[in-house]
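Heads up: the structure comes next, in structure tokens.
Labels run A, B, C and D following the written order; every chain starts at residue 1.
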Amino acid sequence: MTESMTATAAVTEPAAGPTGRERAFGLIQRHGAAAVLVLLVAIGSFAFDRFPTGANLGNIAITSSFLAMVALGMTFVIITGGIDLSVGSVFALGGVLAAYAVRWGSLAALLLPLVVCGAFGLVQGLLIARVRLAPFIVTLAGLLGARGLLLSISGEGSTTYLIPHGALIARVGQGSVFGIGYPVYLTLALFVAGAVLLQRTRFGQCVYAIGGSEDAAELMGVPVTRTKVAVYVMSGLLAGLAGTLNAARLSSGVTILGTGMELDVIAAVVIGGTLLTGGAGSVSGTVAGVLLLGVIQNLINQIGDLSSSYQQVVSGAFLAAVVVVQTYLSRVQRLR
Amino acid sequence: MPDEEGPLLEVSGVVKRFTGVLALDRVSLELAPGEVHALVGENGAGKSTLIKVITGVYRPDEGTMRLAGRPADFAGPLEAQRAGIQAVHQEIGLVPALSVARNLLLGREPRRRFGTLDVGRMHREAERILASYGIDVDVRRPLRSLGVGVQQMVALARAVSVDARVVVMDEPTSSLEPREVETLFGVVRRLRERAVSVIYVSHRLDELYRICDGVTVLRDGRVVHQGPLADLERLRLVSLMLGRPVSDVRAGGVTRFSGGHDAARETPVVEASGLTRRHVLDGVSVAIRPGEVVGLGGLLGAGRTETAKAIAGALPLDDGRVTVAGTPLRRGSAAAAIRAGVALLPEDRKSEGVIGTLSVRENIALAALPRLSRAGLVSEARIDRIVETFMRRLRIKAAGPHQRVAELSGGNQQKVLLARWLATEPKILLLDEPTRGIDVGAKAEVQALIDELARDGLGVLLISADLEELVEGSDRVVVLKDGAVVGELSGGDLTEERVMTTIADAGGGVSR
Amino acid sequence: KSEDDKQAGAQDTAGQQQVAQTPAGNVPTCTIDKFGAHKFDLKSGVVGFSQSEKEANPFRIAETQSIKSEAKKLGIANLKTTNGQSQFNKQISDVQQLIAQGAQALVIAPLNSDGWEPVLQQAAAKHIPIITVDRQINATACKDYVTFIGSDFYTQGKRAADQMIKALGGKGKVAILLGASGNNVTTDRTNGFKDELKQKAPGIQITFQQTGDFAREKGQQVTEQLIQSNPDVNGLYAENDEMALGAVTALKGAGKKAGQIKIVSVDGTRNAVSQIPGGWISAVIESNPRFGPLAFQTLTKFLNGEAIPQKVIISDREYDASNAKQSVSSAY
Amino acid sequence: MTDTAAVPVSRLDRGRLLAWLQDYGVYAAIAALVLVNIAITPRFLSLENLRTQLVQVAPVVIVSLGMALVIGTEGVDLSVGSVMALTAALIPLYLGYGVVPAVVAGLLGGVAVGLVNGSLVAFVGVQPIVATLALFVGGRGIALVVAGGQLKDIHDQTLLDLGSSSMLGVPLPVVVAVVLTVVVMAVVRRTTFGRRLVAIGGNRTASELSGLPVRRVLLLVYVMSGLLAAVAGTLATARLQASDPSSLGLLMELSAITAVVVGGTPLTGGRVRVLGTVAGALLIQLVRATLIKHDLADSVAQMVQAVIILAAVYAARGAGRR
């Protein structure tokens, strides 16, 4: 008995190993994206004196916050081993619905989008979890469906509904404290909640278990169907909320938003270290992933006079570099 | 419980069809409170399927179940567990990526006031539970980093740590050491005292005779015998399982090794020296001569699997070298090892062995493809020949060579893997639990095969949790402990007792 | 080779924008004091230009090109440019970043007319004059922004309709290749066209309208489907030249003769205009992208304290069989 | 739970009919849609219409073939659309030296992209979706830089013939698509490479332990995907009679993946269904054509498309999970 004790005391992998150096290394491994982010910000601050200014960082924060909100939902979905392509359209739909509903007051402008987008998530979730259709296809259909609904509300996109200045919701979207917009604070709050939900609740455990092995999870008595439906509803709700706040900020339900957004979101999540195969990932990583994209974008503009084509080349190169470094840092982890 | 008298679990006329197969054919079974009931049968007889029906994984196509007198029709495992039916499944059925603690306590984690998990307590809890089963691992580690043996113990602990009314165990000991087996029996006895009924599936007959009261024998999905186990003597049981007259199965259950291939003077075909990996292996050296069967002995976590993997280039090493027929292998390259003629039958068949989406045929041919193809084009004819041979030789029970391996029974999957490696015509065979989950008939077959291969001049490394098999089958046994060689037994010294004592007497191994 | 003389075309002054002859007075004017911006010296100051779409189609290429070259001509040292890559939120943050980088005046080619609230607020706070080109911003001129310089897409639609009526002799069946859905330009060019037809030529009916996303391949594919499902259409209105050219390829592929189906499109790219003499395209309404000179002229005036109109509508030309040959060189 | 490793614990056992549907759902859906069209769409059965649909779908089919292989290894290739753009951009540059060099250059572009994707996935170990995302973004950029953002008309007759001429009545693009389909089918069914790629998709660890050249196979798979996309780009360019790097192949990745999945290849890898993929592409084309021909408004069209896609995979239920 005692022998086997000592045996295992010794038998532990380096990452969890005792020495401080190893622990630090493990930390970097687990937060590869964050490490890269720090690196990039450092470089940026060094290279462009206009980069580290409060105003500029504030811009990055506010622009990233909407993507982040959507990415939060996507993180849960991807950890269950699923995917949600509909977020871009749902994001846009949420905005249009908010602007459409504001005529009945700010509360309606908040609730209608949440209800509709939540319903979208619910339907998708049921099709995936109960009918067992492929998430990719279901949410692809969702992408088309939401966009279609948006167009039909806005007369094939010809009418843009406006949110009057006075409206409470507009003030929520546009107000700021310490030069940082409310949406940023809200996003932060949501991420804290998300982190707790994922790491510190049974629901979170189920999410990981399903992603790790859906069969095993089912055998262990995890409410697989319910959990999966829940994450897609969450994703829908968050996308809708983000769209609503964005519309509030722009004080209009712009119809051309969100095309291709799903890829940015997925990229952010995956760069954040979440595995598309499910079962592993973290909310904090997603934050880093989102900010990385934002910073890259910002730095490209800092460089200034690049033609749009070169901008794409550069951001592609940035992306490649980032994922390579990030993968390299967290490789040991994945192989374990 | 409502009625103490009547059976606790009552399965009647259950039928389960899969496309092509009739897995269960009007199976009935009664389970008295506190009864330990053996469920036996050949590979593919339908044991696991029956268990999955009982635990709500499958819905029966026909037939009914009653639990404590009340009709039971489970929509899923969750409902079955709520009703008090817990299970240890054949392929463990835990989440490899999650930590040991989370696997153990998933769904019943200790929580704080606001329903948030109390991780600290979760880990202490998990450590406490596992310790009570003699397992003592870092519960923060992902489950997959542990050997299958430990994983099985975790699954067991999980199943019985809640108070269930029926506990189903599908080959729970298939990779457990004698020590853990004893622990498990202790658990079973405690359950029995608490009037919890147990369904126990195993291909190790002596185990059955030690703890089971009643027995149900399945063959091809049909019940061929039911009754108290005591009245049924061993050979009869085997003959019932295999459906062959007692006379044929004389040796059944006992190993089929002839032992003693004198290869002493040959030069080693494979020589591993100073294999070292932090915390796992500590300068392990093994040499295998052609025609020799070398066994690896040791407790769970002794590092036998790791040793085998290291030789096969499937484990990154800090130090040590492996030479095959004199030429050193490139370190950490499985492909190179295979080209040199080293074949490793992995212990964890689900994650390291079978490719479930592919057919039996493709799985068997996989490793031998270079031999079975010309200019990158595969020769269907040759593949057919090989596949046909091995499916007959190993009595692989499948709808046909084109059935997907995922749909095969556990034991048959094991046979497919064995076939895959034999098809490569290796110089050295590293067998990690080769007869794991294989029925007595096929087991004898496999052992005879190993024996014969050794005669043909193959070097064999045998790892087996089944001490009898290990001792009978090996010419020499190298005993490991904590990742280091602590002794070697051969000839007259090679007995089960000596192996155990060698382990017990030995001091530590891995750097501590 | 065709590339080089396109560049040349962009440089030479032929095809320069003209301000539409609008009787002075009825257009309200704007002065720097009224707007309340700070004077500064263009040459040394920081000017930001925010382009909405990739410079990957003739219009955008020429537009950016003309802004940049004009700036160079005026010796504006510090022109910062960004590109929204057709993502509206990106363009918003682009402009905000320009402001953060200290831009003292902004020239914006908006991707969308609505949703500029955040930018306008920040700009107002810093009294930064904004001139929007080619698309309007739905806000108050001389208060939220200084002025708008550009074409009137609705009118472009009407003029396209007139050409179509001329080409079809007042009756027939017309198909529309719409631009990208939800796009202001699409909406205006469609409404203009439809209203004009309703008014002037009830004999012409619109039997088909599908989006071609402003792209040539899509235009080709939709047309291929169209000529089989609606073989009776004899007029086709493409809301930009690319789709028109795609349609031409489709018609050729289907073995149709030039002029069998009358095509009218909007933009005035060289490729399209050069199809007119051959008869494949009947007429092209220009939408002139060369905003550089006009924009900086206006800005200079404004900074000098002169009064400038709050809306500068440029007069777009029309190309048809009568003038295509000679004016193709000045097309972009 | 090995017994259900691939058939997750579900109650899918509804016997033969469902099994049949799982394998042939796409074809059923196509048949249904064709019948509907015959009923409601004028001149649907005409030869021209058939030609149009086949010619339009040819590039999608070709790209989807490559995508199917990638997905078979549990990967995905988002860069296909950008590859088409890159090819389109490269061709006119070398048209001066003749058609062959130009086309070769275009194809090499695709191979290059494939090599980068493949290396990132196989050797660095980046997740396929992000690895290919980099070139999804950057590739089109490179294409536009190469082409100076310009759309160029193409006048070289031999190249144009690639898109417009036909071989015994069958348009050349269609011929190419058919040939490539057969080739890919042979690769998947008959070659060790084919066996290996599905094995890797099915269980990478097991494949490595079985001594398969996992990295080489992965690299090759992405190269093939790039090459096929380049072929598609060449044909599309020839047919468009112009090189349009800015919009050629936009959203192609989505169409291709949809085709593959609707065709019954699971995104979880371990299985490649070539004919199913072709059918999937045809189905999508048929849906779009139907919606256009009946002049549905974009809003309605998109929703209908969503419903039909769902219906199709519902028919092929379980065949392609995730």
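Convention: a contact is a pair of C-beta atoms (placed from the backbone, for glycine too) under 8 Å apart; a residue touches a chain by one contact, two chains touch by 3 or more.
In UniProt terms, the chains line up like this: A, D = ABC transporter permease; B = Sugar ABC transporter ATP-binding protein.
Nothing here was measured: the structure is a model prediction, and the numbers come from that model.
J.: If you tally the C-beta contacts, which comes out ahead, A-C or A-D?
T.: Of A-C and A-D, more C-beta pairs in contact link A-D.
J.: If you average the CA atoms of subunit A and of subunit C, how many Å lie between those two points?
T.: Those two chain centres are 36 Å apart.
J.: Roughly how far is subunit A from subunit D, going centre to centre by Cα mean, in whole Å?
T.: It comes to 28 Å between the two C-alpha centres.
J.: Distance between subunit B and subunit C based on Cα centroids, please, to the nearest Å.
T.: Those two chain centres are 72 Å apart.
J.: At what distance in angstrom does the C-alpha mean of subunit B lie from that of subunit A?
T.: Inter-chain centre distance comes to 42 Å.
J.: In subunit A, which residues are in touch with two or more of the other chains?
T.: 151, 156, 215-216, 218-219, 307-309, 311-312
J.: Enumerate the residues of subunit B that touch no fewer than two other chains.
T.: Residues 57, 77, 89, 93 of subunit B touch two or more partner chains.
J.: Multi-chain contacts only, two chains or more: what residues does subunit D have there?
T.: 1, 4-5, 9, 144, 149, 298, in rising order.
J.: Can you give me every chain pair that touches, using the contact definition above?
T.: The set of touching chain pairs is A-B, A-C, A-D, B-D, C-D.
J.: Show which residues of subunit D lie in contact with subunit A when the two form their complex.
T.: Interface residues on the subunit D side: 1, 4-5, 8-10, 12, 74, 78, 116, 120, 124-131, 133-142, 144-145, 149, 254, 257-258, 261-262, 266-267, 297-303, 305-307, 309-310, 313-314, 317-318, 320-322.
J.: Provide the residue numbers of subunit B that touch subunit A in the complex, in ascending order.
T.: Against subunit A, the touching part of subunit B is residues 55, 57, 76-78, 81-82, 87, 89, 92-98, 102-103, 106-107, 109, 111, 115-117, 119, 134-138, 140-142, 145, 158, 278-280, 299-301, 481-483, 508, 510-512.
J.: Note which residues of subunit D are touching subunit C in the complex, please.
T.: The contact residues of subunit D facing subunit C are 41-43, 46, 48-49, 52, 56, 144, 148-153, 164, 236, 239-242, 244-248, 250, 289, 292-295, 298.
J.: In the complex, go through subunit A and note every residue touching subunit D.
T.: Against subunit D, the touching part of subunit A is residues 81-83, 127, 131-138, 140-145, 147-152, 156, 214-216, 218-219, 263, 266-267, 270-271, 275-277, 307-317, 319-320, 323-324, 327-328, 331, 334.
J.: With touch defined as at the start, can you tell me which subunit A residues reach subunit C in the complex?
T.: For this pair, the touching residues of subunit A are 50, 53, 55-56, 59-60, 62-63, 66, 151, 154, 156-158, 160, 162, 170, 174, 246, 249-252, 254-257, 259-260, 297-298, 301-302, 304-305, 307-309, 311-312.
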